[in-house]
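Take this structure, written in structure tokens, and hold onto it; I'll ask about it next.
Naming follows writing order (A, B, C and D), and every chain is counted from residue 1.
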């Protein structure tokens, strides 16, 4: 495998409603900033790939307009996935492995404020058997949470502690949407939203975007004093029907972690794309995270969940800490689909 | 169009369409069964009975075609209590979403459970199908499930 | 640099206005199973799945790869979903090939589809957002003015578009998968068909189809031992430019020229007209054949129509274009690009059946999308480099 | 089984709220006052209309506002012969790309009060506005463009531009 690193990361302030800012207006300054940090111009970038969703935007071809934020002239080598930007990063990483290009620009973006996101996500479900019942995303997560609570030693208190820690961590993240000091006992006194989930177990609704620049080999070393090298990256998918899956585990994360080599060395930190508190518990187990691993120093998806950018942001957050010398080895994770159906795992290291 | 405050110019709109979905032989047979108030599953490549039936094995992708009748009663494997139903959901009063393993099935079906109150729902409880008055061959022919003996 | 990638299996559905006999999963499986069968492989032999389609609003399923994971045997495997507007079938093939070329996987299944009959194409493709351009005249409303400019600049005679429409429908009669089988097609029928977006007539436009296309790609060591001859991928390229900016050349877009230059250079092609034996080009409206001939460098600017006029792009011509009948004969949008790529591969494999071009060794697959701004291409050959 | 189920209807309705970007909002507000606002790109100096807050070619924000006249030249067009869903305009009608005087990019709009077969590239046109009291934040304030009677203009450059 060719050495490929993350050399630049920016993200938009994560907000409940970006208001009058459209996707181009959100992305344009971010792309400029990410490129400036990388010292590359768009024309020097070998490949560009983005992730977004038409249903999130409520319009077909929503990614086409986003090209306007780049200055794609002369024309650029470019692709798009209808997935979280983390998978766009994967496609770009593959392109760099092929070896024809040395750098890539990757971005993910979405405004969840535009629609009723809990209902929009119901359209991800089987269109014959399930979507016509309109089960919303929080209800599906609640089914998973109860399955976990009733089959493991985890309690609602453990879930509240996940929420409290993530939002405490988010205090040092100026881009976070939700942060602060929460007492898990006080959180447990709150009513259920969809039992067994309370509001704090669920992600905020977020508008946002994230941008990453990848570079290979010597170019990465020239750009960054301490590139965050991608030592392994893999993603796997599970069956779609919730009634077929064991919702209390994440076998696709386990498999992706094995392929990405998570266990090949000690980890300093993990950035997990766990929109719901119980999903962090499932992912911790799936990744075999030991005591002492700093989980979601950014606050994770419970502090800001810009759908289509949140997974990419996890990779960017982990990389930033490696480049900043705060960690030597990290795992970043992204998820897609109902109840963690599809998962991506990325292992990052300093020199 | 709503008149906006200074700076912001926004308006609501609906993405609305009634899709006509051809269903193919397997889903078609299941829905035809529902119309006749019968629930059928399909036998997977490992012998397990999958409900609702898929045209393919969920793990191996192999084509499937052996049907067996299941239910109409079964067991709740997990559930979530909804105190505020949303538009389009099967019930407009508080209900539980439940994964239900029907008798004779090895996988669970997602549907609504009309139990009246959260305290009456538990994992492992027995439930049975409640049919819509008029069945047409649609997943919503199952109006919802209800506690057995209710 | 990188692994060599071979196309070892190709599967297509019968294209039709409505495949009322199939679910969405059934549709993609019909193509995927045929591709596996062609490659003499089973689901378990596939390492990863790359799927592509155009806007999710066609089927009203958000990110349908999630629902289709089991149907495509992807459980426990990596699965990617590509969407680059109308070029997506091409881009999906390019992404799938890159997984082989980068040495990441041994075998990749790639599938693209559209089940347009679940909704309505004009509805699914138009923006419902407030404040968006108030005049929505459909895809033809966007492309017809470009065609008019092409005709004005090139001084092409009016019948060129009709010739393309006739040729592609005649070719489709030799392709059992094609949607349109117009047995009694004639120049007169094309000419007397109603104007939709003048200068585009009804029979100069693509249909709206249900359909799926699939390919199995494999690395060199596996492809050379495949049961049927592989098509070797000599080059792949994608280019994008913005939809609207001052001075944009939309009739002969730079993205297309750059993409062609890139893919030909990878494939060692210096004279495409001489070295490419057959091409499958994305032509949703007949006039795009001469326009793309110029964009791809098969003809000088302003001269593309002469190739059509002189019969050079016909089956028996020296530069056959869309021997399969093309997009004008089958158009499940999300799959249309991959069909071009797959038909190019079928030609060099010698497996194109009745529309086989004798001795085809090197072929081009081409797709475009958006406002002629997303371009993808590959060059495939029967000869292993 | 008699009469097996072959298809189902699944109604889908999702409600969204769309917020126009800053520059688009200013453009639409301008229309409500009968003004057509473009923007000049600080990099390539081209004038873009409708104002979109960005030059797609240069990838930079555009801020300098330019008010454009409501007359220009048809660069290309098509005659639409099929009814357009949700549109009150009856076919056949002419959709044209119109380069307003002083703009470097075309605006898509209707051309009327002339037989479709007499419309031609290079033709000079001006906006026909609806009565002022009907104006809102929309390009539909302009009912359509009509010929000015000025001599045609020699065209060069791109198709929609």
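The definition used in the following text is that a residue touches a chain if its C-beta (ideal position, glycine included) is under 8 Å from a C-beta of that chain, and two chains touch if they have at least 3 such contacts.
The shown structure was predicted, so the numbers you read here are calculated from the model rather than taken from an experiment.
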{"item": "Partner chains shared by subunit A and subunit D (touch criterion as defined above)", "value": "B, C"}
{"item": "Interface with more contacting C-beta pairs, comparing A-C to A-B", "value": "A-C"}
{"item": "Farthest-lying chain, centroid of Cα atoms versus that of subunit C", "value": "B"}
{"item": "Rounded Å distance, subunit A centre to subunit C centre (Cα mean)", "value": "33"}
{"item": "Computed distance of Cα centres, subunit B from subunit A, in Å", "value": "30"}
{"item": "Rounded Å distance between subunit B and subunit D, as computed from the means of their C-alpha atoms", "value": "46"}
{"item": "Averaged-CA centre spacing for the pair subunit C and subunit B, given as whole angstrom", "value": "38"}
{"item": "In subunit C, residues with contacts to at least two other chains", "value": "20-21, 23-24, 57, 59-60, 70, 74-76, 123, 126, 128-131, 242-243, 245"}
{"item": "Junction residues of subunit D, two or more chains touched", "value": "6-8, 10, 12, 14-20, 22, 24-25, 28, 55-57, 137"}
{"item": "Per-residue overlap in subunit A, given as positions that touch at least 2 other chains", "value": "19-20, 55, 58, 67-68, 70, 72-73, 115, 119-120, 123, 127-128, 131-132, 239-241, 244"}
{"item": "Subunit B-touching residues of subunit A, taken from the complex the two chains share", "value": "19-20, 58, 115, 118-119, 127-130, 132-136, 139-140, 142-147, 150, 192, 194-197, 239-244, 247"}
{"item": "Complex contact set, residues of subunit C against subunit B", "value": "18-26, 29, 33, 43-44, 57, 59-60, 70-76, 117-120, 123, 128-131"}
{"item": "For the subunit B and subunit C complex, residues of the former touching the latter", "value": "1, 9-15, 17, 19-27, 54-63"}
{"item": "Complex contact set, residues of subunit C against subunit D", "value": "20-21, 60, 122-123, 126, 129-131, 133-138, 140-141, 144-150, 152, 194-200, 242-251"}
{"item": "Of all residues in subunit A, those that touch subunit D in their complex", "value": "19-22, 24-25, 28-29, 31-32, 42, 55, 58, 67-73, 113-116, 119-120, 123, 127-128, 131-132"}
